[in-house]
Amino acid sequence: MADDIHGALREAIRTILPDVECVLGWGSGPDPLRSAPLFMKSPEDVERFRAGELAVNNLAVFLPEYAGRKVGIVVKGCDSRSVVQLISETLVKREEVVIIGYPCRGVVDVAKIAAAIGLGNEDLEAGLVERAEVNGDTVSVTVRGETKTFPFKDVMAAKCSICRYPNAVLHDVFIGEKAEAREDSYADLEKYEAMSLEERFRFWEKEMERCIRCYACRNACPLCVCRDHCVASSREPHWLSQADSTRDKLFFQLIHATHLAGRCTGCGECARACPVGIPVGLFKRFINRAAGQLFGFQGGLDPEAVSPLQRFLVDEPTIKEKEWK
Amino acid sequence: MASSPLAYYPGCSGLGTSMEYDRSTRAVCEALGIPLKDIPDWSCCGSTPAHTVDHALSTALSARNLIQAETIGLSDIATPCPSCLKNLKTAMARWQDPKIGPAAEKLLGKSLQERHRVRSVLQVLYEELGPEALAAKVSRPLAGLKVVPYYGCLMTRPKDLMDFDDEEYPVSMDRLLEAAGAEVLPFPLKVECCGASMGIPLNKAVTRLSGKILELAASLGADAVAVACPLCQMNLDLRQGQVEKANHAIYKLPVFYYTQLLGLALGLPERDLGLSKLNVNPEPALALIRQSRPKPAAETAATTEDAA
Amino acid sequence: MSVLEGKERRIIGFLCNWCSYGGADTAGVGRFSQPTDLRIIRVPCSGRINPLFIIKALLSGADGVLVSGCHPRDCHYAEGNFYARRRLEMCKQLLPAVGIDPLRFEYTWVSASEGQRWQQVVTDFTAQIHQLPPALRFSESPDLELLRQCG
Amino acid sequence: MRIGVFVCHCGSNIAATVDSAAVAAAARDFDEVVFSTDTMYTCSEPGQTGIIEAIKTHALDGVVVAACSPRMHEPTFRRAVERAGVNRYMVEMANIREHVSWIGKDKEANTNKATELVRMAVEKLRLNRPLFPKTFKATRRVLVIGGGVAGIQTALDCAEAGLEVVMVERESTIGGKMAKLDKTFPTVDCSSCILGPKMVDVAQHPNITLYASAEVEAVSGFVGNFEVTIRKKVTCVDWEKCTGCGLCTEKCPSKKAYNRFDEGVGPTTAINIPFPQAIPKKAVIDKEFCRYFTTGKCGVCAKICPTGAINYEQQEELAQEKVGAIVAATGYDLFDWRAYGEYGAGRYPDVISSLQYERMLSASGPTGGHIKRPSDGKEPKTVVFIQCVGSRDASIGRPYCSGFCCMYTAKQAILTKDHIPDSQSYVFYMDIRAPGKAYDEFTRRAMEEYGAQYVRGRVALIYPKGDKLVVRGTDTLMSSQVEVEADLVVLAAGAEAARNASGLAEKLHISYDTYGFFVEGHPKLRPVETNTAGVFLAGACQGPKDIPSSVAQGSAAAAKVLGLLSKDVLESDPQIAQVTLQRCIGCGKCIRVCPFQAIRETDFRGQRKAEVIEAVCQGCGLCNATCPQGAIQLSHFTDNQVLAEVEALCRC
Amino acid sequence: MNLTELPRHSILYDATGILKARLLLKISKDLRVFSNTARLRVPRHGDAGRSVICADVAKRHGVSPDYRKGQSGFPARSRYFVLHCNPGGSGMDRVNLASSDRDFIRQVEEESGQTISRCYQCGNCTAGCPMGFAYDLPVHRIMRMIQTGQKEAVLSSKSLWYCATCEACTARCPNQIDVATIMDVCRHMARRENRLGVWSVRVFTRSFLETVKYFGRTHELGTMAGFMLGTGRLLTDTDLVPKILPKKKLALKPHTIKAREEVSGIFKRFRESQKEGNHGK
């Protein structure tokens, strides 16, 4: 990302800083490749701010915690949709958030880079990566003194190649030229659907064996607003047993997807956060496609919108019910 | 108005006892700009006898003609004869029947491809042209002619299959004849059976049933009966003598095909309409038309004079 | 005592109390014979049905789930079935994502007077489930196997 | 929990195809079941006593009854356990009759299924908690919709017993169909002599408020506390001022208005009072025929009216009423027989409907009680009656029997002979349905004393011949086609649901059947109740009914209303939603979907939370299925209870 | 037709032997009473259907057959009659309801696609039937007899053959039964069982279809000729000849179509399929 945009962003953050409790942005994470959330309260904090291809986290996840207090947030297009969705669900008040947007050309998929270096995602110990840099269309990563360079498009997150809203859909400040939108034809699902139903079932059975029930997927999801009251850890109601069964692990994913039906903005954080690389985002892709086809709905575009599952039409022209003889 | 021609299915009687129906139908359609193209090498639809023997047989016989229409690339079919109409329509329906369809296909050795549309010429005239457009083309209005319209039992029923006009009290022919200037009397027995093909094996059927129709028509003061079915026409016209004898009555009611009357109103030459083929002398009725000509002639355009 | 081996499939019905449960009662009163596979859970309204009940049942070995409520516009609670219709349709579209045949789940509307329609629905749906193979089951997970060996 | 299971035989209703004893035996192995037995009739006195004794002997605190549908006897068993000191919500039923024994013959499969349903009920019961109803104040007023004989009966009974009654009538007078009748069967007594005084009572009763020319626009609220919006239609006459003197109707120059009251037999004036005994006796302007509206010029009635009641600019008004109960008594409408093309579809003036004939017979009717052919005013000598026109005819979508046509046709045949002694009636019928008291004797009298010729068969065709109508039918008992030349044909048109009955049903949240008739709570146990608490049915709106049945049902509905409102307070159903405050995150999704506005947002120690308004909640559970964290739970149908049922079934 | 193919409850009878047969029935419990000839020749003249006069007399010998219809209509030239059991044909005979032929009901339902039990005997079909005057059983009774499985009575009824297929019954049935198709189907069944039917109608049908088979189209003159020769009614409609001849409407030569083999092929295959079908049964 160009330095001038970085500069302008920092400037914008400093401008709003006096009006807000803090500004959410990105700083360096456990290593230079990985970003971490940065809660900027002083101008000094702003110096550590960085954005761009390595700024992968969706910071909207922290917003509901600040309810009642005014904060600033720096958003990519996808992050902004989470903010909008939260506003539409009245979980965040519009007047309590200052949104700074910038054009996003996509972010890296750390797992892809790790794999390209020949490491598993879980092998990426803190400090292993010594240097990470994006120069135009390439990404260079230095590990143990050895620098490897990859074309950016090869290590870009999959969600970015089909990103329809790379620029913040709602913002108070926007820095830079708007980035170009891409198309999403749900080609990934078509590929997945080439599998038979039984193959899909066995696929998930196998994937879910790896699940360690860490709930990172849930915790990263900006729309999982239940927090401490998630049904996954409750006995009243008691949806999930304490047994470590594949069935319950898969069922949790379906609970997550069902709770996101008509809400999910497709930010992909659930899948990114999974430490064992289970493609849990796929379920959300299914419900998002269905919400689009059935109700013409895409999450997080209109702060006034009501979720399609919170409203109805007396005659549903798009729902084709089974005709009984 | 349809510019592409309709596939025309004259029906066997059109070559014989109802040749005047065929002739007048062609003449009227030509005059009204409805192009007809004969289905090449058409064959008998099987009529009533075939379906009383077997449904696959009648379906095969009728379906052959639909396939013949396909050979000239036409799927919009018109026929003057209600019996043919019903057979062709029934064949299309039965072709879809899981039991009859395959059996018929086996008998025929051919398969039905297109989704055809079969209509009576009456339906075509009523729907595509309509009474108003017809009235505009009338040059010799049939003023003074009191006519009862008789549709016969097959034209409108069963409702779901025929899908045209009111099942119990159709009015399409009434409207066309009215447009042609005739006085159409309300006729309650429009769809009662005339005896149909029972004329030959059970003559009494016809004298009884056609008798009832002629009797009511006469009692209403009709000058003529208008029909749309060759079999009805034969029973009411050719057999009128038999009916009169059986009922000890004298009707002398000419029985026109409605196309003949429309042709007259359009000013077509009488020979093109086959009026001479009628059994009961139509002259008194024709005289009525000629008599009352002057009045409407004054109202209509110069074409009336030309036609005369 | 499990489902009669080879004869029955495990089919669970969720019926609203006012219309469809009454419709099923009407079918019973009319002695409209039906396959025996279906087990009915009574809920006040189709709007009470969380789609996750359906998913839970299907993941737990049910071969089919049938939901029935009041006809749209006739909901005893005015609007419950309108919301239900959207949720249930969403649920149906999610099922193939996990490899569950969407034909294993149907939802419909049967009023309290429609005993005959209920018979038709049950008969059709049961036949539909019998045409599918039995529901896929999760393989025993390794530690359970281990537990069993230990115990 | 200590659970007792009672498996019913229901005589042979269940036991014939379910091994009840085996089900009871299997239930002994279920968790927390300490007692299990099978009984012959669980709902009977000994059956209920057995439950009570078992509760005491085995210290049961929960009961599962495997028997008929809970829609049938759940209240019965709830009362039974309550008598034994157990909370009434600690009962669960397994429906092994309607859902098992009556729909399958395979005893093995049925027994297995019944056992599983019992297991399911046990698993749910284990999570039941005692629930206690709350009380709330009820409005001791009742709304009666429809002022026919059924509605009048309900209104008078309620008013007499001290309830305030609001009656809404669509037409400008009450009286309904009965007011149009000349005589009634089987007594052949004068209809208006029976109904007239009752109508006057309605008008004069201090407890009754009558809205005529009005319709129910909207209904909100719930049992005990309904809010009703009534739309008063435009009559162009200020009824406060109108005295019903009738001067306007005498002077009105538009004399060819369609006479709705006389079913179109003879015209009326554009401003009219339907009939002399109308209640309220007020004039109404029919805009379709009024010259003031059709030509813009006239105003005769306004000039003549001694009280200045005419108001051409009158607008619709809405009125609000609070009531505690509602009785729907909207009656029926006559089938439009013009669907029959073979009967002329309305083309022949001398083919008329039975109600038109009734108006002709009526001394206060348009012909002064003289039977006249509409075509030429002549007195008919041969009258043909055709029954089942629009009844028992699937081809026109009316497969049901209208019930009363056989009887009124017999009555009309008798009256025909009375009016025209030298006449001959023919009645085409399919079956004679005369199951009431003195009914069959009445039809026999029509044949034996009055010489009506009954012909068993339908009529296929009517056509005019000269000034006669040829009626061609069949006499199936003679096995031959028959023909009659009639002077007048009277069609015994059947009954169908009143116009827009389904629209009213939707407003009241009650069910209606395929034909638009309202559905009762249970055909035998709750014949005048609906499944919506506080809404009752009277008369033909529930299905075709004759006058005696309609009146009986009107009184029955009144009795139910009086029972309900006999106390100032009602108990609320405790099966409602409850919020667990700790779990609620205040997202408000439940508030948005609640169809009753029964959930509101509150502030709890500075946090947004949802709160259920207990008296308003109807217990649908929509909120429960909406809340992602399960913070709002529908008592008696909680997530855990439904999940327990699912698991019980999947475990089998 | 061979005698041995006759239904078991049939009595073969000569034209003058009514009294003899009555006697025989009284003294014999044998259900088959034969005349002295080995082969039945179907009477060509007149109406063979009239010979259907007997009731289910065999089971209760001694009860006289109902031959009301036979008395006036015996053609002099015919020599033999088949007296079938015809429970519905005569009012006074007792029908054993258990003798209901369920297969027959099922077959009619299957071939017609109609549900027979929907009929509630209102008689509207009979009321509107134009040909009813010629029927021995009114349409509604045919429907009733199908309901009660009286195959013999239905398939030997003349009514089947007099039906003009005008469909008034179908159009007006309150229960939406396609009565006309049921009549069609019964005719088909009767034909497959080689029942006599009404001879004149059968001959007309045959001669009509023969012309179609040979020429591809109907030949009116040919049909008439076939009918006259087939029935022996040589004077049929001769009164019309002077009326129609001058009109030059009747083609002497048939209008043969080019692809006549195609049409005759349909008939050929139909005949074959019928044979197969009968073998199958």
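Think of it as A, B, C, D and E in the order they're written, each chain with its own count starting at 1.
The rule is short, and it goes like this: a residue touches a chain if its C-beta (ideal position, glycine included) is under 8 Å from a C-beta of that chain, and two chains touch if they have at least 3 such contacts.
Computed from a predicted structure; not experimentally measured.
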Common touching chains of subunit C and subunit B: D
Which of A-C and B-E has more C-beta contact pairs: B-E
Farthest chain relative to subunit E (centres taken as mean CA coordinates): A
Chain of greatest Cα-centre distance to subunit B: A
Chain centre separation in whole Å, for subunit B relative to subunit A (CA means): 74
Length of the line joining the C-alpha centres of subunit A and subunit E, rounded to whole Å: 82
Inter-chain centre distance, subunit B versus subunit D - centres from mean C-alpha coordinates, in Å: 52
Intercentroid distance (Cα basis), subunit E paired with subunit C, Å: 54
Residues of subunit C engaged with two or more neighbouring chains: 56, 60, 73, 79, 83, 87
Per-residue overlap in subunit E, given as positions that touch at least 2 other chains: 133, 168
Sequence positions of subunit A contacting 2 or more other chains: 239
Pairs of chains satisfying the touch condition: A-C, A-D, B-D, B-E, C-D, D-E
List of subunit C residues in touch with subunit D within their complex: 1-4, 7-8, 10, 12, 17-19, 21-22, 24-25, 27-29, 31-36, 39-45, 47-50, 53, 56-57, 60-62, 70, 73-80, 83, 87, 111-114, 119
Contact set on subunit D toward subunit B in their complex: 341-342, 344-345, 347, 461, 463-466
Subunit C-touching residues of subunit D, taken from the complex the two chains share: 26, 69-72, 95, 97-100, 102-106, 108-110, 112-113, 115-117, 120, 505-506, 509, 511-514, 519, 531-532, 575, 593, 595-596, 618-622, 624-626, 634, 637, 639, 642-643, 645-647, 649-650, 652
Subunit E - residues contacting subunit D, complex: 118, 120-129, 132-133, 137-138, 140-141, 168, 172-176
Complex contacts: residues of subunit E adjacent to subunit B: 111, 113, 130-131, 133-134, 162-168, 170-171, 178, 184, 187-188, 191, 198, 200-201, 203-205, 208-209, 212, 216-218, 220, 223-224, 227, 236-237, 239-240, 243-244, 247-251, 255, 257-259, 262-263, 265-267, 269-270, 273-274
